[in-house]
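Every chain is named by a letter (A, B and C) in the order it is written, and numbering of its residues begins at 1.
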Amino acid sequence: MSRLLQEIRHNRLLWLLVFVPVVFIAERLQPEAHTRLFVLSVLAIVPLAALLSHATESVASKTGDAVGGLLNATLGNLTELVIAFTALRAGQYMLVKASIAGAIVTNTLFMLGMSFLLGGLKHHTQEFNRVNARLQAGLLFLATVALLVPTAVGDTSSAAAEAYTRQLSVGLSVLLIAAYGLGLLFSLKTHRGLFGAADHGEAGEEVLPLGVALATLAAVTVVVALVSELFVESVQGAADDLGLTPAFVGFVVVALVGAAAEMASAFSGARKNRLDLSVGIALGSAAQIALFVAPALVLLSYVVGPTPMTLQFWPGAVVMMFIASMTASLVTNSGRSAWFVGVLVLMVYLVFAMALYLLPPR
Amino acid sequence: MSRLLQEIRHNRLLWLLVFVPVVFIAERLQPEAHTRLFVLSVLAIVPLAALLSHATESVASKTGDAVGGLLNATLGNLTELVIAFTALRAGQYMLVKASIAGAIVTNTLFMLGMSFLLGGLKHHTQEFNRVNARLQAGLLFLATVALLVPTAVGDTSSAAAEAYTRQLSVGLSVLLIAAYGLGLLFSLKTHRGLFGAADHGEAGEEVLPLGVALATLAAVTVVVALVSELFVESVQGAADDLGLTPAFVGFVVVALVGAAAEMASAFSGARKNRLDLSVGIALGSAAQIALFVAPALVLLSYVVGPTPMTLQFWPGAVVMMFIASMTASLVTNSGRSAWFVGVLVLMVYLVFAMALYLLPPR
Amino acid sequence: MSRLLQEIRHNRLLWLLVFVPVVFIAERLQPEAHTRLFVLSVLAIVPLAALLSHATESVASKTGDAVGGLLNATLGNLTELVIAFTALRAGQYMLVKASIAGAIVTNTLFMLGMSFLLGGLKHHTQEFNRVNARLQAGLLFLATVALLVPTAVGDTSSAAAEAYTRQLSVGLSVLLIAAYGLGLLFSLKTHRGLFGAADHGEAGEEVLPLGVALATLAAVTVVVALVSELFVESVQGAADDLGLTPAFVGFVVVALVGAAAEMASAFSGARKNRLDLSVGIALGSAAQIALFVAPALVLLSYVVGPTPMTLQFWPGAVVMMFIASMTASLVTNSGRSAWFVGVLVLMVYLVFAMALYLLPPR
């Protein structure tokens, strides 16, 4: 426990944990102050996500490479999963889908672009392992194809078309999870050697003892779930108050909040000229959401949701995911980077963010 | 003749030739048993395709490299051409187009992906000549652009638009055939050296004497034409009986049947670590259908069809061909392969096959 | 002045300058002979563009590399800018947009493809600096994404949507100009070393003295503006007379006229095996139009146009620009070229030109 406290003292991001009790108190006092609750829940989720990510890494580092990699790869986006699961239970499928699409686009473009930019400002040119970047970009490409098909083919005008989209979504979800599992088998087992430096744990950062890490993992997940509930309840009202479109909130704000912890790691890796790490986190995270979190939510919706959720997205979101995946392929292809590559990738993100920000409310 | 019999005894695929007389007898006895006739005609076409392909290679090996390559490159998809020609004469343009699009997608994704997977299961990583892969992927890209344009621009609402689509289709067909011819000139003549090992004939497989080969070519083409007629007649009824959508039958079943012989060669090449051969067959075959078979059928439709056929495809088919061509570019770009690359490519194919299988009948 | 005359005597393209007075006389005599005025104004613009381009290079060579590169990069497409500005003032937004889209597609496909083809016919294979090609292709990709978004998202049915498209167009224009500026900073300043041979001036061609060059620049710009006015006025009538669609005229004819001078340099570079130069001119010119000329025109439309112009293009034009940018990425990726690469790229251009040529008038 003292280790955990020491950790908290060391890492300034964790000081934000003070907002966890604050948000619950605020909710008791003024449940209708949406914007305040929204801001407070965002401030509370960020350090919880960092803690969750650190605990996952600590458990992973204790269990050996293969299991550890698996844990990291499945629990790495636990925050996003918990937020989306909360929205799913509330039947807010639009928010779920916007946050999935947003997380994919934000990780692929903002996290990757900012890593290239921050790394490039410090180092003239940087090199990274292309094999991992290609694997993740390939998985992402597959996922965007799978998310494109129900939107391209299905039209929900008739009852038959709706049943079709549901069946197809279940089938595609199973395919995507299978592809994700085989990808882990490939990168962690049969072709480990190709994936370069195995130490994906943060060098120089201390790991928690196994017991503390497991307890942290369990406890923080529960707290994240509770805060997520306030977040999901307040997000709509806050968007109205702030004059933001729901698309912008789901796509940009939720995605940035959910990925805050990974971003901290990716950016610090880039500045330390460990761009392998940054590219791995950014694209790996995007691939995980597309091939694991999204399909898992579709399958879970049959258990917990009011009605089944499909993989059919708003066409604009499909276009953005597709372009994000193409951008990732193009810029990681050469295995080299400089600051302007980061600018280009960030500009593509800004184009999308601007289009969503200005979108008139329907 | 004894050489041909010896060949048949040697190659077990050819034992299926027994179904050639069976399908004709079955048609006499029960012309209404669509599903049975469909299955029997499929079983009869597969060995005929293998024989056709072997005879073509034998003629090619006798005539010197340039003419041989030309023969292989123009007659290599004779089966597909004959099936499509039969459907064209019957005015079944939907089936013709579905089988063209399906052959392109199946060769690019299923044949290539399965080659990578089968090769990768036996060899840790495999290398192949990128130059040929790039040429074929480039031709395929051009063809998908040409097939995309009439669909993107043309809307068949007015009579003027219909005339436009017809004119454009004829013009594009001429362009595509010209590009294909120039591609042959490039790879067989001016830049032969870049295309690596010239012995594209199957090492270890005996070739037929020229006379036998030519006679086989002529005779088998006639038989394939006759069986194709039964196939085309029975396919619609069989699809209804089996509960399959026409799109699935044309796109997946016909394409797999037509390419059975090439697949046998491509997969055996991959297992023997001759991935150059597999990639060349898969992408070369797809490019040939897109740049030679499809345009040839459009031009032929003015001679034999009831009305002119256009290059305007169902938008979903255009999307699939475009994604297939992008996938081919992405995965062949590095010139290296491992089993998971095959899985990724096959998964894209499964996404499409699933979407077509579940499609509700209109 | 004698230097300028000597220059004119030396360069046969400049003999066409005789058409400058001819077109003004013709306009006085028969202002209604649209087709004749159109042809004469085209013949007059071509040598003026060459002169403009030469004067820009002369000024650039006098001012040191950084400023010179900047000048070249901002004034390089002065002809296109002046023509488009003239059309903008006349409120002919369809013509402005068609000529922007056409210039991007023509430079990317026709100029690049023809350079590869002409170079490849003389040299077996050619190599070029991939870094510059990648930078320009990346900028072009960003621009096509930015031009795609208003078309994909905006539907002009409602007043709110129209306001949205206008706001978005202004925002995107600022983003694109910023990206272009940062690209110049990158290639001319922070990472100059990566961009290979710095002497982008035509070796062997004499430069004009600074005073002559500046005077030429100013005078020729005025003349181009005057001729452009005749061109813009006559183009519609000429298109009707010649039976050409306005889309074809704007997209193909205007684009070829505007780029004539750059093409002369690019093709001569390719034949001299200086493919770096050709690729740089073709893609650099396309990127400049997409990221500088087009956004500048949007912003200028608030000052000089009758109503604000947006970045929303006809969907077919967006598809063509997107495919052109993908083609550029694919073919410049390897840094090597042979004649058939040029054929492939030209074929994509021919597909587009044919589709526009046959398009029925609305």
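Just so we're on the same page, a contact is a pair of C-beta atoms (placed from the backbone, for glycine too) under 8 Å apart; a residue touches a chain by one contact, two chains touch by 3 or more.
Nothing here was measured: the structure is a model prediction, and the numbers come from that model.
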item: Same-residue or different-residue interface between chain A and chain B, half as cut-off; value: different
item: Angle, in degrees to the nearest 5, of the Cα rotation that carries chain A onto chain C; value: 120
item: Inter-chain centre distance, chain A versus chain B - centres from mean C-alpha coordinates, in Å; value: 41
item: Residues of chain A engaged with two or more neighbouring chains; value: 333
item: Residue ranges of chain B in contact with chain C within the complex; value: 130, 134-135, 138-139, 141-142, 145-146, 148-150, 152-153, 160-161, 163-164, 167-168, 171-172, 175, 178-179, 182-183, 186, 190-191, 194, 329, 333
item: Touching residues on chain C, where the partner in the complex is chain B; value: 124-125, 315-316, 319, 323, 327, 330-331, 333-334, 338-341, 343-344, 347-348, 350-352, 354-355, 358-360
